[in-house]
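What follows is a pair of complexes built around chain A, which joins chain B in one and chain C in the other.
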Partner chain A sequence: MSPALHEFLSIDLGPILAATFACVSCALLGNFLVLRRVSLMGDAISHAVLPGLVLAFMITGTRDPLPMFIGAAAAGIVTVGLVEAMRRYTRIEPGAAMGVVFSVLFALGVLMLERGAGRQVDLDADCVLNGLLEAMIWFVPDQWSQVLTWDAIASLPRQVWTLAIVAVVVSILVAVFFKELRIVCFDPGLATSLGFPASAVNGVFMVLVACVTVASFEAVGSILVIAMLICPPAAARMLTDRLRSQVLTSVLIAACCAVGGYTLAAFGPGWFGASRSVSASGMIAIVSGVAMASAMLLGPRHGVIARSVRRTRLAITIATEDLLAWVYRMEERARPAQIELAAETIGSSGLTLKLATARATRLGLLISENGNLRLTETGRRNATSLVRTHRLWESYLVERGGYAPDHVHDAAMRLEHAVDPDRHVRLEPPEPSTPLDPHQRPIPPRS
Partner chain B sequence: MISGPDNSGTWAAIIDAATFRAGHNTTLVLVGATLLGIAAGLVGVFVMLRRRSLISDAVGHATLPGIATAFIIGNAIGMDGRSMAVLLPGAAIGAATGLLAIQWIVRATRLTEDAAIGAVLSVWFGVGVVLLSVIQTMEAGNQGGLKTFIFGQTAAMSATDARLMGAVAFTSIALVALLFRRLRVVAFDEAYARSLGLRVDLIDAALMALVVIVCAVGLQAVGLLLIVALLIIPAAAARFWTDRLMPLAALSAAAGGVSAFVGSVISASFARVPAGPAIVLVAGAIFLLGMLLAPSRGLVAGIIRQLSVRTRIQADHAMLHLATVGPMPIETALPPGLSGLLARAMLQRRGLVRCDERMVALTDAGLAAARLADRRRRLWRLYLIRHADIAASHVDLTADAVEHVVDPAILARLEAEIAAEDALDPPTQWPGRDP
Partner chain C sequence: MANESRSNSPGSLLFDRPEHSADSPLSVHAMTVAYQRKPVLWDVDFDAPAGSMIAIIGPNGAGKSTFIKACLGLVKRASGIVEFWGSPYRDARLRVGYVPQREAVDWDFPVTVMDVVCMGRYGRAGWLRPISRADRQTASECIDRVGLAGFESRQISQLSGGQQQRVFLARALAQEADLYFMDEPFAGVDAATERAIVRLLHDLRARGTTVICVHHDLQTVETYFDHVVLMNMRIVASGTVSAAFTPENLRRTYGGRLTLLAEASEAVARAERGT
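The block that comes next holds the complex of A and B.
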């Protein structure tokens, strides 16, 4: 048995387990908070449970977990009820109502702590914010093989037990009531009309959030609870469009954040030669923030990078089409299509236009000869069809839409790119009464 | 705050502090805190009207990494890391990065504002907590003072800090006054503001900059967890009392100033009462007062209004019932319950009914009033059938519901129509009173 392993098992494994269970429970419920746009309820609850905790302590005089838990859960439920009642009866903006309730309750808790309870026991505001993750010590195991023995499990720190039970209960509840949660979260109106008690589901769910918040924050602190309620689900939401996979992804992310964050906090400073570890719950929150930021940037469909690539591609496609049509018009007027002139009439940026020229040349639609552009045979066919659509739209807008002839060009410039998403053909308005467009240019026939 | 241990917690101490006789330092802190409260109340009004209340919570939390970084850098370059001159810019920069992150998330991704606020709040605070634990391990770091920013501690404020707080708060008040017209337009009608050629984004940025300033400068007085309360509660409390912006801003500023002043006085006069929670609880009490007692939006006024409508409805129904059926037992005409009792009292006071032990009957005046009530009901029937396209078979139900909210102007117009109807279809016979 190596001393390092013993140290890891007794000092680090307990907190890692506790943090993982707490993060997973929070992330599971957080999915529904994020989708219902009430993420900050977790924030409000985790601030507002403080007076409940302190009151329970003042009444019982011990740090016994059960009364503390009951007190905090009661405070959490009171918070939810107060916010809801205030929203309903006072016409205050919901955000402000929430802010009023949780800040007043939190202030009350801090004051009670300072005036009385905090003096006699190590219950202080610091532990409320940051938790006592580092203070959990698991005495029994010496080796990995002993970890799974009954004796070892029985002597797990109390918080680990509590959080494990909470995680199991929450998982079961979410699995069993998945359908109800989903419908209430996406369409409460439909839920009510189908006979689901939407407000009852909502109420029970909020109570559950309060309980999980309370159970978790004793171990990991209120800040980490907020991070875990929001960041993993938000990250998962950037990665997928289906609720089931979002929930599973968020749980995975939460577990990775817990393990990764704790590892960084406990051993990270050592890699840089520092002797003491840094705050574990703070580090887990940071890791979850990094996970969320990565998902926001790198998400396959909704990520910022993927979206900007898609947008740039579309811009180049449109610029290519505009360029072909412009060269067609220049050739129609028997004028040279100089590349420098294109930028003046086409609304795209210089870089986009350069990329579009390159693309059109590569596809064999345009030929560039000493600064002049010329359409190839394929290019002319494409351009004819584009110009035809453009002029058809202009005629349509003047004849049917009641537009003035000098106002239709810009609208037609946008409409000519419209493609029917189902059939992948360019939308084309009906034939006009004359073969000329409103500017007296011929409408090319269908190729 | 500084107060003699001899008279701590007595009325004398409270009066001393409130009348600025508790020492030069305490007086400066009181004035500075009051100015801060006024500034927060003013800024909070516009934040509330722009529906951004909870952003200020994230801004408050996001100051922590800024403070910690400023402390580390300040110490590294040989300054006193705990002086406000070092920490204040740090706090403002930290808050501003958090704010920008929220705006970026909302603009660039599909995530909604609430998720953005919560994520930034917790992650930025997490960074701060980690930095604090790093400072703890540093040899030079005497970080003892930093934690006071989380909950606020006016006792730790020097006269210089108090002057700085007062000056910055005063500047923000002046800025709000300067921008007042623009903030107003943007708060109430963004589209109109744009059509006037105002740069809405710049005005919003200015408002958010004010939020950042208030949060940063309020750290020492109320702490970064509770500064959000000073931005939200006074504005929400003032909203109960008025629908006009000028009085709203004035009331909110007053509520903020009073909360900050009273809270600080209490904190100065009692041992172990931190200023932040004291200020927030005073603000909460002011809010509660408005929520209960405000004339039109208050809960008490609402209950009275509802009760009086229900009483009128009960009385009308009872009169019509008595007019068509004749005298009857009291509990048949007026079902037991608060509104029934009130209706009976009202009818008796106006001399519309006569009651003996069991029975109740209409008086002459009561019969006339019943005719009037019946007429009103018929007017509504007519109006709903003619003008609101409600089927005749459904109209009684609706008429029952709306006949009690008759607007006199509409009533007059309908009178003419019913006169014509009367000629064709004579009104109900009234067996009414005992002969």
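The block that comes next holds the complex of A and C.
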């Protein structure tokens, strides 16, 4: 084995595995927190565990992992219970309930630390925020034959093992109870009536969140836990509209963030000539933020870009229809349809109108000659139906709605684009009593 | 214990009680419900005739939704018994369907029409068992029946209000229940959907299913329903539409006479809170 590889195995592999397992567990559970709109529960729990940690130390007098974990998990469960109780018995919103509970518990922990535990506990703020990923060194043999033995693998840092077990347990639970979690998050009332009591399922789920948060937080720090409970699920939500694919995508994003973030933190500074690596947890959280931002921009249906493309397309479609109807009206009055005049009558911007003109010409609806527009045969058919709808709406608004004839044009300009969502056809008001619209123009017959 | 509270309940001598029978899909005896100690339903007695379409009407805050939720055990009852075909809800769960108000759920949730309708089969599947192929087949037939064929893989936020209500209805049909509770199935739907829903409900009735709807539109009570419950924190009147849907009963339900009961509730709540 080369020295570089040996260095990677002993220094980097442990942190990468621990971070990946922690990120995947948090992201899996985070999906259901985000969907239930209680995303900040992880934040609340990771702060509120302090009194539990101090109390466990005061009782046992050690900082062994097991009593620490039990104390923290108990505090986490108390937090969840208090938040649920506050939601049920007061009228404050969940965010405020979480804020009250975790700040008070955290303060209680600080006081207990000061009074009871004195200086015997060193609670390093750095450690709480960033975790101890960098400290997970694997004392690995330098022969391949010895690396792949049970003893060597068992000597992986304790946190790696803990988090691996947590990740496996969480994955199994989410897979097995997927149907129950889905219905309880979506429709708690129906779930309860069908025999899946929503409050009990939520309670157990929150206890699981508390355990996972506490287990992860020792290794990767509170910031990363909070980021991983929210960022990968939120990013995945932007990318898909199915719960199953959202959960799987969030797991993938979380794993990529863990590996990518660690790589950037450990080796990134070297690429720029800096000698020291940066905090791995911090970098993974930043990468997850970048993932979220990219998903916001690039999401296929909910992304900013996709949405603005859709909006622009719709604006061009509407401008095309308005343009056809305008040319029809000009021809009706036997006036030349000059392109410059179109911009004055039609509300769309100049660029949209240019694009609309190009589109109508390309589709063979309009012919442009010397700055004048003329309808083709197909174009006239489309325009006739549009003008018919417009004038039907005007008549409808005047006859049935009691509007004055000079108040209905703008409303009809909007209504004429309305489409029945079920049948995807243009909505058309009933025939009026006269064949003329309120402005005494003929309503074209149905083609 | 329930019997005890029944004999102690304040209104037990004031109203005539119908005979309770094990054939009735829903028998409610002396049910009182309180939110944070403030009573919202007082001593309600009700027997649903099998195979009927029942409207629950009454002003806002009259406890109509609470009545449904209390029957299904979704809110705690302060006292009283609710029986379905003579058994507690636990034993009749599969025969009872529920359609919550459309606003009760988040329509941005990442599920498709098919996913939501399949939820109607979850009760039959029970814990841990996934939805079977036969369940999906049933769900797909129910989607067909409400006229949403072709929308199976749409995400539910991409539907109109009327279509969303139909999804809820399809999910209820997928439950294949004998008794349905529907909380305002006609709220915010278009005329076509309303007609489609009424047709479906009448189909259900023709098969002997009982449907209990919270309803708001007094104009359509007589055409859509055969029984009516007039509710304002208690049951003011109930019976066939021709007998109970009278101007006098409507006045007693919607009129000002019940403010006294509302005031009494407030007073009880204040006294119990000790303020």
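Just so it is clear, the second predicted complex is superposed on the first by the 415 of 447 C-alpha atoms of A that agree within 3 Å, B and C clash if a C-alpha of one lies under 4 Å from a C-alpha of the other, contacts with A are read in each partner's own complex, and residues count from 1 in each chain.
Here, a residue touches a chain if its C-beta (ideal position, glycine included) is under 8 Å from a C-beta of that chain, and two chains touch if they have at least 3 such contacts.
Please read all numbers here as calculations on a predicted model, not as lab measurements.
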Legend entry - chain B versus chain C as contact partner of A:50, first or second or both or neither: neither
Inset, instruction - Please work out whether A:132 is in contact with chain B alone, chain C alone, both, or neither, and reply first, second, both or neither. - result: neither
Inset, instruction - Tell me which partner A:38 touches in the superposition: chain B (first), chain C (second), both or neither. - result: first
Inset, instruction - Determine, for the superposed model, which of the two partners chain B and chain C contacts more residues of chain A. - result: B
Inset, instruction - Have a look at where A:269 lands relative to chain B and chain C in the superposition and call it first, second, both or neither. - result: first
Inset, instruction - Scan A:325 for contacts with chain B and chain C and give back first, second, both or neither. - result: neither
Legend entry - Partner chain(s) touched by A:278 [first = chain B, second = chain C, both, neither]: first
Inset, instruction - Figure out whether A:96 sits in contact with chain B (first) or chain C (second), or with both, or with neither. - result: first
Inset, instruction - Considering only touches as defined above, state whether A:231 meets chain B (first), chain C (second), both or neither. - result: first
Inset, instruction - Please identify the positions on chain A that touch both chain B and chain C, taking each partner from its own complex. - result: 37, 89, 237
Legend entry - Residue ranges of chain C in contact with chain A within the complex: 36, 69, 72-74, 93, 96, 98, 100, 104-106, 109-112, 115-116, 119, 122-123, 125-128, 130-131, 155, 159-160, 163, 171, 192
Inset, instruction - Mind listing the chain A positions that touch chain C in their complex? - result: 35, 37, 89, 176-177, 179-180, 182-183, 185-187, 189-196, 237, 240-243, 246, 421-422
Legend entry - Parts of chain A lying in touch with chain B, wherever the complex brings them together: 34, 37-40, 42-43, 47, 86, 89-93, 95-100, 103-104, 106-108, 110-111, 114-115, 125-126, 129-130, 223-224, 226-227, 229-231, 233-234, 237-238, 265, 269, 274-279, 281-286, 288-289, 292, 296, 302, 304
Inset, instruction - Could you please specify the touching residues of chain B with respect to chain A in the complex? - result: 48, 51-54, 56-57, 105, 108-112, 114-115, 117-119, 121-123, 125-130, 132-134, 136-137, 147, 150-151, 225-226, 228-229, 232-233, 235-236, 239-240, 272-274, 276-278, 280-281, 283-284, 287, 291, 297, 299, 302
